[in-house]
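Following are the structures in question.
One chain, chain A, appears in both complexes that follow, with chain B as partner in the first and chain C in the second.
And now, the complex of A and B:
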């Protein structure tokens, strides 16, 4: 029983982190048609920003609020200076540009913060374990689930209930119509990119204390979040939720029961879904 | 008479110019270390150790030493192409360094083509014993030596002896070899192993929670890990988050990096392991070396740095002894050479081209006040004589 509880929570936490990163990637692709290969690096920047804020005395929760804004601001600068000039060209241009950007950001991370892994110092009450259904589970991991759920609720409320959110959603499906209504598509693209980067920042701050903060942390996360958006359907937010939870569960179970083949199973699952459900689990994916 | 004088002057000038040219013509050594990727910190420390040795040695064969450093990115294909560049383009007379067994084996496989001696300061796989006449190891203990040290350590300590060990390794050549060596010896010594078909985790693993849950579920109260040094504190920290250290002891096949131990803090207390050296080794030579390293690099001296330093000194002295940069002559000179450094005499066996040296069993714990301001120390519990660790030279 205690092992089953461990596995369930582990898969939810892993899936939750995948979800926040993948949703950010999906928002950027769905609304501004940019496949952002630097997204993993922005996730790492979020984690490092929280480490720096905390080294200056900020507590974890303050860092959780401020660091995503820092990443969002970096996203704004990148969008205006690097992405916007080539937006009207083929998606291959932004693909190559963001690939280069990934190396640039990775190099800057090493230059600023060094190579060694950093560990995030949490408040004492988050460092303990909690007896729950026969197991002792880390409090911070449980808190992570709350943070991820709150982030998703806030995002959904923003997209469903606010005028800006509704505009963004409309722009993702019928951009020409939205443009004809006099809505500034440039602002939509900027907003989408900044929002997506902010999500990467949130995920980085949340993941820092779970794992560790190191310059390579974004690489694996980028690959995993691509797996999530492929399985969920490119551009589908609802699909990403299901896919992230599925991948979290499959990877955790595979690591537990067939350790040596865990990642093989995850990629096989992706290949099967891609072959038989090319528009993702819910059939909502958009391919160009 | 004038003609004779002119010839004498020309010959003398030619002699002076050739001597100057020789002095200015450095002996180039190719340094292969990972400076990017998961083990970049370890690679940097290796580079520091080799640089320190070059500075101390000054010249070889009356010529300055020039280190040409290349980043292997811990990828065998990249490392081989960097080695080709170092040998064929930069004219390096020897190669040194290499962090991982996979990379080391790739270089060794290509050594006939590269045609220079290669001395590794970090590769631990047992496959390196007598692998090639031009391939040497003078650095970190090999997997069999570490396993012997760890088994002896476990048997000597009542708090480690009667435990059942869960074995988990990084999924590449070194990890597999380290796991196998430990399990073989443990079985011979009556130490209980939970999973003889041990777990192999990808080197890219960031989230260890599934593995930790698996260890919890197994009921094993000892964990034998063979992880890349920089990852050890990451695993220990996550195990600590789950409260695993309250019931289990960790024994490691590699020494954790001190910089990473500092980051991990208290979560990294209680990791046992055999290694060449720790800054807790208190001998005049070791203390002087630590002081010099700290003053130069402002980095806590690590075993990656110290065995790279010792390996480089052995290589430089070997070239000097050879009196030439001919690969066969250097290789002949390296066989049987020794250097007295921070962890005693390190001798390269003439039998299998791999070093023999004393080693220590350490446990990580809170550090006493020290010049580095370190909070965690690998406390020396016991010193092993080289003969205890083997392997036999016959």
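And now, the complex of A and C:
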């Protein structure tokens, strides 16, 4: 019983982290038709930024607020210098470009922070466990769920209630019309990219204490978030929530039962969905 | 924007334009390059540079094969290196466990094995195109990588395959050299790369390879 509760909570936590990364990726793709392969590396940068901030004596929660802004700023620079000039070209260009960017960022991470994994020191009250439903579950993982839920609620409120958010959503459906209404699409593209990178930063800070912070942490996360947005349907936010929880559960179960080849099952799932249901499980995806 | 669309069109029509250049000049330049590469190990006897050029030739062949896919059909594959790895593992495993001295059989088996593996993977992948194809290859590539990395008993995981034997390069009973010798393996690589280059050239200029002119 307690194992089942553990698995359930673990899959929620894992699914939540996937969700935040995948939503960022989805926003960028939905608004500017750029598939950012460097997203996983930006997530790693977020985790490393929080490690550095905390080594300067910052509290975990302070790092949680500041690190995403650092990643968002990096995103702004990348968008202006690298992504924007090739936006009008075929998507193959941005794919190759961001693929190279991924290796560049990984190299920079290794150069700045080194190869050895880092461990995040949490405040004492987060290191405890809490008796819940017959098991002792770490407080930090429960806090993670709260942080993820809060992020998602904030994002939804932003997209549903504010004028900027409504503009962004409109731009993802009919960019030509939004452009005709006198809204600068350049700003929309920048906003989408920066927002997406910020989400990756949040996910990185949250995931840092869950798993160790190492230079390759971005790679598996990148593929996992692809799996999530492909299964949920590219550009569909509703589908991403559904798919993130599904993949979180599948991966946790697979890791519990077959350990080594767990990821192969997840990749297989993506391959089957993509090949036979290219619009995702909910059928809301949009491919170019 | 206009300039971009020009760029997109220039690439596929490249080979057609090249054909207007005199054929003899192309063959001559190819011969000169091959001759330079062939005498290279005898002029520069530093084994480091021989291995370096050897690797360059191998990755050049990989890039050429990717160009057939991306440049001529516009399919961006992120798992091309997975097939390189598959071929390498097949050759290594066959030499280690089955026949340590039969080079040609092993090479043929490595190629055929990779083709057989690529067949079902490609069958699934080409149902899509564009972005979906790229993502699909990324997922399959990670799948291949995970298997190679985690299947410790067969692939050796991060240790790799240790002690792969070096069979002799022999042709009709003549022993031309050992694959353990940098110069011999360099020349073998050069011949293989040259044959593959000619084959690719033949394919992209055949009716089958004219697909790109359609797009």
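Assume the second predicted complex is superposed on the first by the 282 of 288 C-alpha atoms of A that agree within 3 Å, B and C clash if a C-alpha of one lies under 4 Å from a C-alpha of the other, contacts with A are read in each partner's own complex, and residues count from 1 in each chain.
Everything below uses one rule, namely that contacts are C-beta pairs under 8 Å (C-beta built on N, C-alpha and C of every residue); 3 or more make two chains touch, one makes a residue touch a chain.
Treat the numbers as computed from the prediction; the structure is a model and nothing was measured.
Per the definitions stated earlier, placing chain B and chain C onto a shared chain A by superposition produces a clash between them.
Of the two partners chain B and chain C, more residues of chain A are touched by B. By the touch criterion stated above, A:52 is placed in contact with neither chain B nor chain C.
In the superposition on chain A, A:230 makes contact with chain C only, not with chain B.
In the superposition on chain A, A:90 makes contact with chain C only, while chain B stays out of contact range. When the two complexes are overlaid on their common chain A, residue A:14 makes contact with chain B while staying clear of chain C. Contacts of A:275 after superposition on the shared chain: chain C is touched, whereas chain B is not.
Look at A:260: by the touch rule set out above, it reaches both chain B and chain C. Once the two complexes are overlaid on the shared chain, A:138 sits against chain B while remaining clear of chain C.
Of the residues of chain A, those at positions 260, 263 touch chain B in one of the two structures and chain C in the other. Of all residues in chain A, those touching chain B in their complex are 2-3, 6-7, 10, 13-14, 110, 114-119, 127, 129, 135-138, 140-141, 210-212, 214-217, 219-221, 251-252, 255-256, 259-260, 262-263. Residues 35, 37, 88-92, 95-96, 99, 223, 226-227, 230, 234, 260-261, 263-264, 267-268, 270-271, 274-276, 278, 287-288 of chain A touch chain C in their complex. The touching residues of chain C, counted against chain A in their complex, run 1, 4, 7-8, 70, 74, 76, 78, 124-125, 127-128, 130-132, 134-136, 138-140, 142-143, 146-147, 150-151.
Note for the complex: chain B touches chain A at residues 36-38, 40-41, 44, 171, 199-202, 204, 206-207, 209-211, 213-214, 216-217, 230, 233-234, 237-238, 241-243, 257, 259-260, 263-265, 267.
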